[in-house]
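Two complexes, one shared chain (chain A), two partners (chain B, chain C).
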Partner chain A sequence: MKNKLGIDIPKFVEGLGNLKPYKGPFNRIRKVSKEEITQVPTKIRSSLPGRKKLINSLEKVIELSGLKNGDTISFHHHLRNGDHLLMKVMKTLDKMGFKDLTIFSSSLTSAHQNLYEYVENGVIKRIFTSGLRGELGKFVSRGKMDIPVIIRSHGGRARAIKTGEVKIDVAFIGAPSSDKEGNLNGVRGPSACGSLGYAMVDAKYANCTIAITDHLVEYPNTPISIPQYEIDYIVKIDRIGDPDKIGSGSTRLTKNPVDLVIAENAAKAILYSGYFGQGMSFQTGAGGASLATAKYLADIMEKKQVVGSYAIGGISSYMIDLYKRGLFKKMFDVQSFDKGVVSSLLNNDDHIEISADFYANPFNSGAIINDLDIVVLAAYEIDTDFNVNVLVDSHGYAQGASGGHSDTSAGAKLTVIVAPSFRARIPTVVDKVNTIITPGETVDILVTERGIAINPRRKDLIENLKSKGLPIRDIHDLRKKVELITNNPKMAEYSDKVCGFIEYRDGTILDTIKQVVEKY
Partner chain B sequence: MKIIKKAQCGSLESSDLMIYIEPSDGVKIEVESSISQLHNKEIEYLVIEELKARNIDKVYIKIHDSGAMNLTIKARLKTVLNRGIKNEDQA
Partner chain C sequence: MKIKLRRTMLYIPGNNPGMLQVADIFGADSVLFDLEDSVPLSEKDAARDLVANMITYRAYENIEITVRVNPITTSCFKNDVKEIIASKNLQAIRLPKTNTPEDVSKLEELIEKCEKENGIKIGSINIHPMIETALGVENAFSIATASKRVNAITIGGQDLTADMGIAKTKTAEEILWARSRIVMAAKAAKIDVLDTVFTDINDEEGLIEETKLIKKIGFTGKAVINPRQIDPVHKVFMPTEKEIKWAKEVINAYNHGLNLGKGVIACKGKMIDPPVVKRAEKIITILDLLK
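And now, the complex of A and B:
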């Protein structure tokens, strides 16, 4: 069957079950109350007075958890490239002889690229994640998984847990600090990573939760991000990760002149969009042009004496600077983007840790992003229907992450994509993206160094932005212009085999990851 | 024209390329790309055209491409060949 974007989606996939085709960004959300699905009942756990939760080894705690072959285990990726825990747990599970497990991580980074070895030896059967990078992404795109992977957004993952579409048998929660009863936070200890937003959902709904810490503190450990009544066991290991590797790069502003031109134009477009003003809420990615847009926007805010309501998302040190300049009143933090954010989360009452459910789940009574005014996001590719790809690279390999891209685009009143029109000969503005992560219906403005394109659906924006001295272009013209420069480079070729599914935040299937045909 | 000495030009920055040349018995071209091997053939073609235009048939060329545009490739090629045909005192 074809979904609304014209992409062929199978009705049933062995190992994944029945699939629902995407029918529009809000179609299922509008009607879901009639589906009468309920929040999944979570297995009742109990604890006798005096029970000891602290276990002395990973092997022992896995035995106690009751984990079986074929079960689903979850992880969170707040330590990003510095995470040691996931691979350590996998090594232990392999040694203990487990098979056919489903890995359900909030995302997978380059620190997890060797996971494919555990697929090859049968320990892992399925992978559900937000992102894939390095060798693991290539492995998936080469079609080496028997069961296709599922890519979910952060909000979509929270939804899948709450509805029971994915039942977590055992959640492995990396805890930068814990006490003997399992009160956890991410703001103390040598591996402090800041927010534990993704793990909060796992802790609430998993059948068994294991907190793994390298910093055991005197009871009670505060602040309490995940409370002891949601934690079954605690285990202490040497090190859960290296927080210096959380930030993907520098948090200093880019000096790349192309990024700066894009950012300046993006800030101007936001200024005239109709959404700029007192009390506006704002989210931006941590990429070069996105962060630079925040800088130019902040300068405009200061000049016009505009104070925003809140900044949300992955919070970086740069957003904390904007808060300190008095430009935003609060910060909602589902994931801290660098080590520098940790002390702010610990010491500042206006810096609030939130769960992925609170952040972006479409199936609750109101995630924060539903109220978001402006979001600035990056793109690998964007097509002339404004569909965005942030997962598959120009070689055709899955080397990116869905993250909160489609969640925030759907929630925000104004979604601005900032991207150079081409990168190293590869066009960004294309006829058809490799894989759709965010449907064009939810994207409003594309800002490139060669012009700004407005989604024709947004008549209000077209009206507001005209005669403001901005280089507004039709997206088709922009694409043609870029094509003339890049000279139609050869792009990746695919076979018909489906290696993965892109699940939209509402649980319907948006697109697929196809198998790359490698010719060299 | 004759390549009389080793020369190089360019950089490893994104959207640029690094070209290295030295005298050789015949034409030998090696192209490597960190961005996309999809363009190797096109780069080779540009190199051969330029060599033909200048009547150069004895050179070893090694290129590391980081996604340069055709005009960048041509400019870097011209520069490196100019460097390779000049004597020190001429330069």
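And now, the complex of A and C:
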């Protein structure tokens, strides 16, 4: 069957079950009440007075959890490239002889690229994630998984957990600090990573939750991000990760002159869009041009004495600086983008830790992103229908992450994509993206160094931005202009084999990851 | 009155493909692809090839393309000129260390030969002599008038102070006379005159101060070495509110006086004669160009 974007989606896939085709960004959300699906019943857990939760080894705690072959285990990626825990747990599971497990991580980073070895030896059978990097991404794109991976957005993952589409048997939660009963937070200890937003959902809905910490503190551990009644066992290990590797240079502003041109134009486009003003809410990614857009926007806000209501998303040190300058009143933090954010989350009442459910789940009574005014996002590729790819690279390998891209694009009143029109010799503005992560219907403006393109659906923006001295171009003209410079490089080739599915935030299938044909 | 804005000329090292690719997106009035000081000896030929190909195949938009070749005394000079002109989309060649009008003539001769060979209209490529020696400063006017192709002259502060055996300072009193001398030569020759670079890219205030100074003494633009320097320089060269108001009043008063057939026309008690009107018109023309 074909979905709304004309992409072939099978009705049933062995190992994954029935699939639903994407029918538009809000189609299923509007009708879901008629489907009469319920929030999944969670297995009742009980605890006798005096029960000891603190277990002295990973092996022992895994035994106690009742984990079986074929089960689903979950992880969070708050420590991003500095995470040590996931691989350590996998090593233990391998040693204990487990097989056919499903890895359900909020995302997988370069720290997890060797996971493919556990697919090869049969420990892992399925991977559900938001992102894939390094060798693991290549492994998947080479078609080496028997069962295709599923890529979910952060909001979509929370949805899948709450509806029971994915049942977590055991959640392994890396806890920067814990007490003996399992009150957890991410703001204390040597591996402090800030928000534990993704892990909150896992702890609530898993059959068994294990907190793994390297910083055991006197009871009670406060603030309490994840409460003890959701934690079954606690294990102390030497180190869960290295928080220095969380940030990807996101605390410093880019000096790249092309990014700065893009950012300045993006800030101007936002200024005239009709959404700039007192009380506006704002989200931006931590990439060079995205963060620089925040810088130019902040300067405009200061000049015009505009104060935003809140900033949301991944919170970086730079966003905290904007808060300190008085430009935003509150900050909602689902994941902290660098180590510098930790002390703010601990000490500032206006800096609020939120779960992925609260942040972006389309199937609850109001995620914050539904109220978001402006989001600034990056793109690997964007096509002339404004569809965006942030997952598959120009060689055809999955080397990125869905993250909150499609969630925020759907929720925000104004979605601005900032991207250079080409990188090195590879065009960013293309006729057709490799893989759609965010449907063009939810994208409003593309800002490149060679012009700004407005989605023709947004007649209001076209009207608001005209005659403002901005380099507005039709996206097809922009595409042609890029083609003049880069010509048409030979793109990656794919076979028909499906290696992965891109699940939209509402649980329907948006696109596929195809097997890359490697010939040189 | 035909004015081409040349407030900024952005230096792009000729051996930097990344920067060459994006040279036209920063809003500079001109770009200057450099084959001289920013290119090490071992990369001279590679940079020349790269720049020539970029000019040929890369569709630069709305920007004046100029190339700084190596000095006339070097072995690179001839090949630089030949290959760059063969790229066809060139507007001007900047000649570094121009000491005498004969230097300009030698370049002109070579340009003409290359124009013929490549089927380019004779006289279409301009020359921007760069004056950066004491001898060059003394010869400024004869250099500025050595050829019809010379439509701008420039000063190179670093080499000039080196040639004078003194240090180049931030406040640059040491080159004030040379700057004034070169401006006067350009004004006498009725061509543009561009100032030397401001090397501290993190000192925006210093850049603005220097630009205000050089605008005051008569420079029409300034070379810049980083895209971040473009906006501050453009802002300084933007006519001020006061200048715009004055220009409009002068033009109105002048037209009104002409209509009444007056011989002597005054605006707010001050006599306005043709040079004053011309200056007012120039301000309005610049304003129109910037719209």
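One rule holds in what follows: the second predicted complex is superposed on the first by the 519 of 520 C-alpha atoms of A that agree within 3 Å, B and C clash if a C-alpha of one lies under 4 Å from a C-alpha of the other, contacts with A are read in each partner's own complex, and residues count from 1 in each chain.
We take it that a contact is a pair of C-beta atoms (placed from the backbone, for glycine too) under 8 Å apart; a residue touches a chain by one contact, two chains touch by 3 or more.
This is a predicted model, so every value here is computed, not measured.
Once the two complexes are laid over each other on the shared chain, residue contacts for A:450 go to chain C alone; chain B is not touched.
In the superposition on chain A, contact of A:257 is made with chain C only, not with chain B. Legend: residue contacts after superposition of the two complexes on their common chain; A:347 is shown touching neither chain B nor chain C. Of the two partner chains, chain B is the only one that A:490 touches; chain C does not reach it. In the superposition on chain A, A:38 makes contact with neither chain B nor chain C. Once chain A of one complex is fitted onto chain A of the other, the partner contacts of A:365 are absent, as it touches neither chain B nor chain C. When the two structures are aligned on the shared chain, A:423 is found in touch with chain B, with no touch to chain C.
Ranked by how many residues of chain A each touches, chain B and chain C are led by B. Of the two partner chains placed by superposition, A:56 touches none, neither chain B nor chain C.
Common to the chain B and chain C interfaces on chain A are residues 485.
By the touch criterion given at the top, residues 257-258, 260-261, 449-450, 484-485 of chain A touch chain C in their complex. Of all residues in chain C, those touching chain A in their complex are 21-22, 25-26, 58-59, 226-228.
Of all residues in chain B, those touching chain A in their complex are 14-15, 35-39, 66-70.
Note for the complex: chain A touches chain B at residues 394-395, 423-426, 485-487, 489-492, 520.
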